[in-house]
Amino acid sequence: MKKLINDPRSVVDESVEGFGMAHADLVDVHTDPIFVVRKGAPVAGKVALVSGGGSGHEPLHAGFVGHGMLDAAVPGAVFTSPTPDQIIPATAAVDSGAGVIHIVKNYTGDVLNFETAAEMAQAEGISVRSVLVNDDVAVEDSLYTAGRRGVGGTVLVEKIAGAAAERGDSLEAVAGVAEGVVRNVRTMGVALSGCTVPHAGVPSFELAEDEIEIGIGIHGEPGRHRIAMEGADAITSRLLDPVLEDLGIKAGEEVLLFVNGMGGTPLSELYIVYRRAAQILAERGAKVERSLVGNYVTSLEMQGCSISVLRLDDELTALWDAPVHTPALRWGM
Amino acid sequence: MGLTVDWATDWLKLSAKAMEEHRVELIELDRAIGDSDHGENMDRGFQAVLQKLDEAPPETPGAALKAAAMALMSKVGGAAGPLYGTAYLRAATSLGDATEIDAETLAAALAAARDGVVARGKAELGDKTMIDAWTPAVDAAQKAAAGGADPVGVLEAAAEAAETGAMATDPLVARKGRASYLGERSAGHRDPGAASTALLLRAAAAAAAGSAAETGTDAV
Amino acid sequence: MKKLINDPRSVVDESVEGFGMAHADLVDVHTDPIFVVRKGAPVAGKVALVSGGGSGHEPLHAGFVGHGMLDAAVPGAVFTSPTPDQIIPATAAVDSGAGVIHIVKNYTGDVLNFETAAEMAQAEGISVRSVLVNDDVAVEDSLYTAGRRGVGGTVLVEKIAGAAAERGDSLEAVAGVAEGVVRNVRTMGVALSGCTVPHAGVPSFELAEDEIEIGIGIHGEPGRHRIAMEGADAITSRLLDPVLEDLGIKAGEEVLLFVNGMGGTPLSELYIVYRRAAQILAERGAKVERSLVGNYVTSLEMQGCSISVLRLDDELTALWDAPVHTPALRWGM
Amino acid sequence: MGLTVDWATDWLKLSAKAMEEHRVELIELDRAIGDSDHGENMDRGFQAVLQKLDEAPPETPGAALKAAAMALMSKVGGAAGPLYGTAYLRAATSLGDATEIDAETLAAALAAARDGVVARGKAELGDKTMIDAWTPAVDAAQKAAAGGADPVGVLEAAAEAAETGAMATDPLVARKGRASYLGERSAGHRDPGAASTALLLRAAAAAAAGSAAETGTDAV
């Protein structure tokens, strides 16, 4: 394992410290417990958005703290959901009285820790609503799993719900917008390589030169199945087809197409995937109204990508287009 | 003689030692069917438990377990943090202010711990989770207590059953937690949480045997 | 070699095609010969900026085409400078009559191809000025090399010169601004791994588990020397010290600190490097007024980073802050 | 008998074949001290040359080399593109409209090509570049021509000298081009451009020998 780190145990602390130094105009970093809040939070009268999860997915979540998106991010250890003693003060720090939305990716650990934190924050008099993101179509939504995972679509939920909060929507309304995004976004991912958790020191899995993992999550875990390496166009179909199937995208519908890098794949390759994905959508008569291509929800240095499709309507498009100013996503200001 | 606060702190100290020693092994188990963090998280959590015990030495077994619960809840994270946190908290509540714990009380505390995990995680036996270690352990503990075993005997029985239970997760297909995403591919690997539960209960038994030896009680 | 590609020979074409589809609001992609121009170019009365170079450094250069930055980008084959028959029409396509600046990274191939193109464009009546970027302190600027390479600092030159052009500066003035940036920016890089050029199929170099390359360029070539792996803080000193030395940064001076990822290193690690770099600058009494952290000038999926420092003055800061709207860099609009 | 346009097109075709066959080898040489693209670029460039020859068959050797120069300039890229482009252009200019080339004219054209590379790239002998193949080749060609050799002999001499010159780059430290960034580490590897120059001049000799054989002239 070779990483630009000092000590596996200080990775998150030092990285978040550096992040805070680089973006001191946008965020404040709290230490012990560690969390990141939007500069000037709480914003009077505004519903606050808090998200968090294991580290290793950067820029998610801290990179999305700022105007029009998150009010706080709570980073756990690498691939480990944060604990209530981080989530509670982060929640309190950003509550203006208008209430707080917890955006939680659907993993047992995240759900349990945010659940506990929400309960205790409620007990302290803060109105908290939780929104669960579970966009991964690789996991069948059955009784025999912990349900679908939250993956790439999370960034779309955070952006769009953040815009709703910024325009002054109520707690229930923002939660409703967020849940609307969750209902209309699906994702599927592929890995060409594993990734190495710093404290583990060895890759999460090993793939032969001619193997890839289909249906991966974002924690370096193996996917649903391993197949022989294929060309980018074929892989794109493998990811996009089930996404479109599940969403039931029909001709004439408008979508946002998001090709997300897992961290170690060059941007140029993401555009090769984007190209084919956009072609497939065009063949089906869907209209790609908005797009996002880049490393937004990563698994450390894993090579691979995920494709997310969000069904748009005029309101979602307007909220997507609304100004946002965070370290990792910025437009309109 | 029943178990005292010394047993409880010994248990937690031996637990910390076990998590440190088996850190890599638990990471490896989690790497196969999860996200490679279980050993790291448990090690970090029990280091925090040690620090908490140091800062404010508890007066009763219940207080010791409650302190541990708080430390685990705030330092482990992931699925295991809230699950173990709840387990220790429920055990502490079950023990109340008792300064000495007999076999029955002990078995009841273990059952309360297990029930806490089930209440939080909703896992059933055979889902390939820590419940597959907890439930046989609780059953064995209750049986031993009912059969007149002393606390050392109860914990010996629990530890052994937990170990067997953990091993029995190897062929199972996970239906809860992160490993469930793997579907059939989760079979053939031991569940990391079941493995850590077995280690923790083995530490409990060793602490009891040690206390018993110290106070001159026959452990058998 | 595992890559999200279809055919090594179509990588650049397909990637640029996908890029054009994803950013159709900002750019037009021309094929055969391939180049990318800003939507609506030429902008009346504005000096145009054209840059280019081998592909494999994405988002450089095409990702920086748009308002306030480049008017055209000319991608060559992977790690191969483009040819005059691409550069000439790109230059012609964006010239409004106010003249064109070629921003050229100092490599023999880039210099020769842009030189030829400039000559021929001049012959067609276009005023062309070339600005050479050579910010790499790893290469001693001696008679015994082709001179210093152009690396990470290029993005700073493009942003700042782009802002000067956007505000209406003359050809000479924009060239002067660009040259001012070149004089005041220095960079040094490290690789933790090589990268694999698609048509080569094997990594550009192999490093043992405990080795790193210091003083690399951006083409997967080995660096100046190989050393044993060190912690991020030590590596940061190794990169930053020569940069500061060479620039002669003194206490009280204001700088822009740019930590650039080579493509395969997680963002979280870049922030660990940023943290130490900012500390070192603070220890020296320099003021980090602006910062940039991310993958901007990459070498495919190479793991590693470079650190650039730009000495700021009020004008450069204002130009840096000026609105920019490109696929990969955007603010103020 | 002098060399005709058939020789020139044969040369370019054999060059394309050589670049295709040695593509991987040239990539490997460039990988060691450069950026792994030389073989790919030359292969792509000479495929474009072939296409150009196909589209508009040239009438004179000079026209063939000029067409090649344009194709190389627009399809090779990198350092080699403009350098070879200039080399072929200067050679073409030197040959003018001649339909048959004698030994002296040939040697002069090679010298013009070499001078073009020097004019563009400013490399000196010993800088570990293609000049280290070109200059010995030009010297040998001029000597052979002065000594009364026929065109085949001139090209044989040039090719052999280029091959020796390319091999002689192995121990050198590069002072121009991308390999110069490596400093001392560039020693111990052959310069890819020198290697491709040797291959191209060998192709020229083979084409000449072939033409000579066809027209019944003794090649020796």
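We just call them A, B, C and D in the order they show up, numbering each chain from 1.
Here is the rule we go by: a residue touches a chain if its C-beta (ideal position, glycine included) is under 8 Å from a C-beta of that chain, and two chains touch if they have at least 3 such contacts.
Computed from a predicted structure; not experimentally measured.
In this assembly, the C-alpha centroid of chain A lies 33 Å from the C-alpha centroid of chain B.
If you average the Cα atoms of chain B and of chain C, the two centres end up 55 Å apart. If you average the Cα atoms of chain B and of chain D, the two centres end up 76 Å apart.
Residue positions of chain B touching 2 or more other chains: there are none. For chain C, no residue reaches two or more other chains under the stated contact definition. Contact topology of the protein chains: linear, an open path with no closing contact. By the document's touch criterion, interfaces exist between A-B, A-C, C-D. Chain A meets chain C in the complex at residues 1-7, 11-12, 14-19, 21-23, 55-56, 58-59, 63, 192-193, 207, 209-210, 212, 229, 231-233, 235, 259, 263-276, 278, 288, 291, 293, 295, 298, 300-301, 303-305, 325, 330-333. If you check the complex, the residues on chain C that touch chain D are 33, 54, 76-85, 107-109, 112-113, 115-116, 138-139, 143-146, 149, 197, 199-200, 202, 204-205, 217, 219-222, 224-225.
Contacts from chain D toward chain C in the complex involve residues 27, 31, 33-37, 40-41, 44, 73-83, 120-121, 175-178, 180-183, 185.
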